[in-house]
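Each structure below appears as structure tokens.
Shared between the two complexes below is subunit A, which pairs with subunit B and subunit C, respectively.
Let's turn to the complex of A and B:
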């Protein structure tokens, strides 16, 4: 005890320095989070536009309404997933392609300008991108003008009145907004690979396809997974682009209504109960995905440790 | 690996919990299984319709905990969503100080393109503060709800706000209004106003809470050039004979189609004409949603029009809908009420806004198959208003002063809320240049007394929007009729959790 007291402990400064974060976190994150859980067990909304109903304790009623077949929550989850996938597949394809071109030792491309240009769509507000594409693809917009002039068709293509054309427009916007971001992340990952690996592979006669599949992909796997899962969580919260493209999501039998758009539906009557319950479900889904990220990011270095300790 | 297992086990547990919840909910809905049905059920709907109309109640008026500050008393704060009322006040309110407000009138006296200073004042030095929030996505109402709720404890009082016919009832029955009598207007002041504007401006107990400077009867505005081409005449009386009822209207649509034109632009164009002539209001005494026969007729007519190509498949307020009203459009006509003709159609018809070219002078109006109304703006004094006398004067001058109202009609073609004045104008040679010299006031004066506001309820705005958007999928052929009705009920109950599908 005596010895310990003599040594000066700097640990308390560490704790003092992280206090601001925890204060902000507790006030702005933890309290709203807990109150969301709390609210989800109440009936609490405004009727006729001005009459406050509740809050009345209803237990799990909000949840059972959400999971009842009439609500079709799984449909909105499916929509969210489909919309995300439609944007993510071209995004990862082009990002990998550009990242491997830009980092190719033999091509020696000057990439600074491209990086900026690729990233630019992401700087624009998502809602503005939505408005832009809504105008571009509208029945009397430029895309249809060109189409009708070339083909001589009398009727425009109504992109927003069809399941897959509507979803494709949303996917294009998401792809354009995010491929630059992903490209830059993958470039950083590829640049982190020891160049001697590529050199020795080339000396051994490996062609670019082989080095890509056998060296690049396995070594950037953790980053790829990170990209996948962060994009999945981002996709889960998809809201502004489809909201604007589909005009509140009710277009075409609600085939492009995402979970967060459905959440927004409860804003009209300030329905805190249902919105809370839906938020809790979203929280659980996002939480599971976040745990996966955490797990995969951790996986990288402990390999050596595990070998020492033996495998269970 | 252990971590992965733990994560997988955790997520599995979550999924199981979810499916357990899903299972118990199935049990719940199984209880009333015999009344559940898909789509629209005529019998249940009829039963619900006969249960009597929903009776809203007037909420108790909000108590003010804080008095308005001195600053607040020197400011008159008005909440609005567009420029229409501002223009009326600036141009026609005699106490408006045009000089101090740096307000400039166009040389030819026309609307728009005016300049106004940063601060606006009344002649006694009171500043007018406009709080403008656009109407899109319910923004205006959200802002208004929030600020009115905080009014009790705020020392900056809102003095007046504007509401539209579609959601007027929400505010008039709510706790945030000051009755017109309390503001200082008497029954004799408002005696010359149209009866329906007073019904619309009253709360559930029949107390007048809001006044309007306009009445908004609707007409059918059509293109004179297309009329000549297809019917051989552009005379409003002869065209009216062609469109006198819905059967004739449909026959005229077929004729127009043959000649390569569209009768209407989009799906929702005729909606108001049907929805204003319903037998039952949207919601019954048991909070069940009632779909009136007339709305079903609208669904069938619009489906027929869409399938046969009588309309151009647009939606209300969409850019292509606006474009259809210009000289490149091939649409015969539009259902429009008073404000629609001078505020919207006139703007869309001119190729260069404000240039009097394009279709200027090539539209005419006729009564159309059924009388209806659309929109209208009401002025409401808010509870806690601390400039009562000034609000009273604005209301009195702009809604009860016949001379000023007639000036407004002269200047803007708006149909103003003075029965005797409008009847005078109807019999004179008042004419609209935009409508090719027609005296449209005469037609409006005939339509205005027919307006029936008794079927309007507090749910109209939300339910009309949900109904139109759900039915659109049926018109475009994306879903069958039952699914469209299911989507409507679903969207309606999301908006108003207190409502029920009939029979459920």
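Let's turn to the complex of A and C:
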């Protein structure tokens, strides 16, 4: 917006209008964040269910406990990453495939209904999706019923008694919930590509596979990166689905317990020192990833403006 | 690009195109069916009684829909109708506050030239991706000390500061809110706040509608924070009831009721989505960073 305001007297309205946002942000986000950091330096928990210990200043002790081998932080970090990756691989594969089909000028597919169906699971309550899939995949649920009728097997598959089948069910839910969203984001990116590139490639005799790898992929790489990082940040926060599926994380030796589920466990049992330290670690990981997204957004903004200015 | 001549591409173009089109439709339809099957089974099982569900899967619905509905709403442990009401209140008020104040904040950044304008914008972009869970500890402790546990205020008021909604509104203003309008309103003697309420908000209607839906849905589905704030039976929202059903001894439940409870949590949002899907799908692409 290049228009210069003539009068300065309106500036105060800018400040007045951002007051509600910042008051609420400070009270409900910033103060709690600082307090969370502060709490991470104290020993503060309830021992044996009734004895309040602390709060006593312990410095970095909570952090060293968190990183010691028997608190299993690395296990939950690993779980979170594996669950995210299992969902993300099929998600990016199908999203890229569908986005390139939907935007293909020669195919001219009717896409409306598909987009609506693909995006539908994303608006569904994740906790309810977890519950639904838990009932569908339970030993006497419909999935096992169909499986036993088709194969004639005598015993149902116990999906929630095994590390990898349980993780797979969680990954399937995550995949179903997010591939539609990613497809639509990638479509927007591909639609931004100059169509003359595709036309001249066609004239040169390039087939769809070649145009996909040589034109589409290189030109949407920034958006792909954006999708990857935002998905990682989302994966870091994974909670609802595994929490419901695994009955608060305990199922199958906590092999599907994520970091945020671990945090919830500490919050729920009022172990505030550990919860604080874990929050700080989550904040740092999310912060690093967010910075990448932030620089990405910043970098794209001035570029677009420069282009506009240059053309005029 | 000197691409090697493709063996198929050189042949009759229209047949290969037809074959490709058929393959696409087959794959797309298959994935669409797989996406819908869980919801199909859900709806079928909502109409069946426990003993039939235990016996196995059925393709056709049966006649127990009303009975299952009655047994769910009469279940005093779940209090489903009450939770439905709570979810509606929290989500609707969150959507209202979030869209109004995000539009107001975006308007401030878009229209007024004040010293902190750039830093404020940069700051909001920076906090956009910070997960709410990282400050949950301080949040819960603060709400506890203010006696706001089992109160809806901690679930509603924070939506006033919604960086993602703000960003969307700002993007929308850049594309469809010319500053001349504001200037003209000033010449007509309209005050700044009135200009925003009576002139700008109507222009922003499409953006507000899209964001209201998104905020409503994410508040409706929110599980983590309400799970820490609400414990009273009469104050629960739907995701907490789902968790209670899952945490209890699963084998004693009437499965018709379980499916019905899931359906009550899912179907209102799914139906609203299907009616407004055109709006929503356009909104997703707009909300993402411009390609």
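The rule is short, and it goes like this: the second predicted complex is superposed on the first by the 265 of 312 C-alpha atoms of A that agree within 3 Å, B and C clash if a C-alpha of one lies under 4 Å from a C-alpha of the other, contacts with A are read in each partner's own complex, and residues count from 1 in each chain.
The rule we apply is simple: a residue touches a chain if its C-beta (ideal position, glycine included) is under 8 Å from a C-beta of that chain, and two chains touch if they have at least 3 such contacts.
All values derive from a computational prediction rather than experimental measurement.
Peer 1: With the two structures laid over each other on chain A, which partner does A:116 touch: subunit B (first), subunit C (second), both, or neither?
Peer 2: Only subunit C; A:116 stays clear of subunit B.
Peer 1: Could you tell me if A:248 is touching subunit B, subunit C, both of them or neither one (first, second, both, neither)?
Peer 2: both
Peer 1: Check the residue A:158 against both partner chains and state whether it touches subunit B (first), subunit C (second), both, or neither.
Peer 2: first
Peer 1: Scan A:171 for contacts with subunit B and subunit C and give back first, second, both or neither.
Peer 2: neither
Peer 1: One more residue to check, A:140. First (subunit B), second (subunit C), both or neither?
Peer 2: Both: A:140 reaches subunit B and subunit C.
Peer 1: A:181 contacts which: subunit B (first), subunit C (second), both, neither?
Peer 2: Once the two structures are laid over each other on A, A:181 reaches subunit C alone.
Peer 1: With both structures placed on chain A, which of the two partners, subunit B or subunit C, ends up touching more residues of subunit A?
Peer 2: It is C that touches the greater number of subunit A residues.
Peer 1: Answer with first, second, both or neither: which of subunit B and subunit C does A:36 touch in the superposed model?
Peer 2: After superposing on A, A:36 lies in contact with subunit C but is clear of subunit B.
Peer 1: Kindly classify A:272 by the partners it touches after superposition: subunit B alone (first), subunit C alone (second), both, or neither?
Peer 2: Second partner only.
Peer 1: Looking at A:65, would you say it contacts subunit B, subunit C, both, or neither? Reply first, second, both or neither.
Peer 2: It touches subunit B, and subunit C stays clear.
Peer 1: Which positions of subunit A sit in both the subunit B and the subunit C interface?
Peer 2: Overlap of subunit B and subunit C footprints on subunit A: residues 135, 138, 140, 247-248, 268, 298.
Peer 1: Help me check something: in the complex, which residues belonging to subunit C touch subunit A?
Peer 2: 1-3, 5-6, 8-10, 17, 20-21, 24-25, 27-28, 31-32, 35-36, 38-39, 41-42, 45, 54, 56-57, 101-102, 104-105, 107-117, 120, 122, 124-142, 154, 157-158, 160-161, 166, 174, 179, 192-193, 196, 217, 220-221, 223-224, 227-228, 238-239, 242-243, 245-247, 250, 255, 258-259, 262, 265-266, 269-270, 273-274, 277, 280-281, 284-285, 288-291
Peer 1: Quick check on the complex: what are the subunit B residues that touch subunit A?
Peer 2: Subunit B reaches subunit A through residues 1-4, 7, 10-11, 14, 18, 21-22, 24-26, 28-29, 56, 59, 138, 141, 145, 167, 170-171, 173-176, 313-314, 318-320, 323, 458-459, 462, 466, 469-470, 472-473, 476, 478-479, 483, 487, 490-491, 494-498.
Peer 1: For subunit A, which residues count as touching subunit B in their complex?
Peer 2: 45, 47-51, 53, 60, 63-65, 67-70, 135, 138-140, 158, 161-163, 247-248, 250-254, 265-266, 268-269, 271, 274, 281, 284, 288, 291-292, 295, 298, 311-312
Peer 1: Which stretch or stretches of subunit A touch subunit C in the complex?
Peer 2: Where subunit A meets subunit C, its residues are 1, 3-5, 10-18, 20-22, 24-25, 28-29, 31-36, 38-39, 94, 97-98, 101, 106-107, 109, 113-121, 123-136, 138, 140, 142, 145-146, 149, 176, 181, 184-185, 187-192, 201, 204-208, 210, 214, 220, 223, 226, 230, 233, 236-237, 239-240, 243-244, 247-248, 260, 263-264, 267-268, 272, 275-276, 279-280, 282-283, 286-287, 289-290, 293-294, 296-298, 300, 304.
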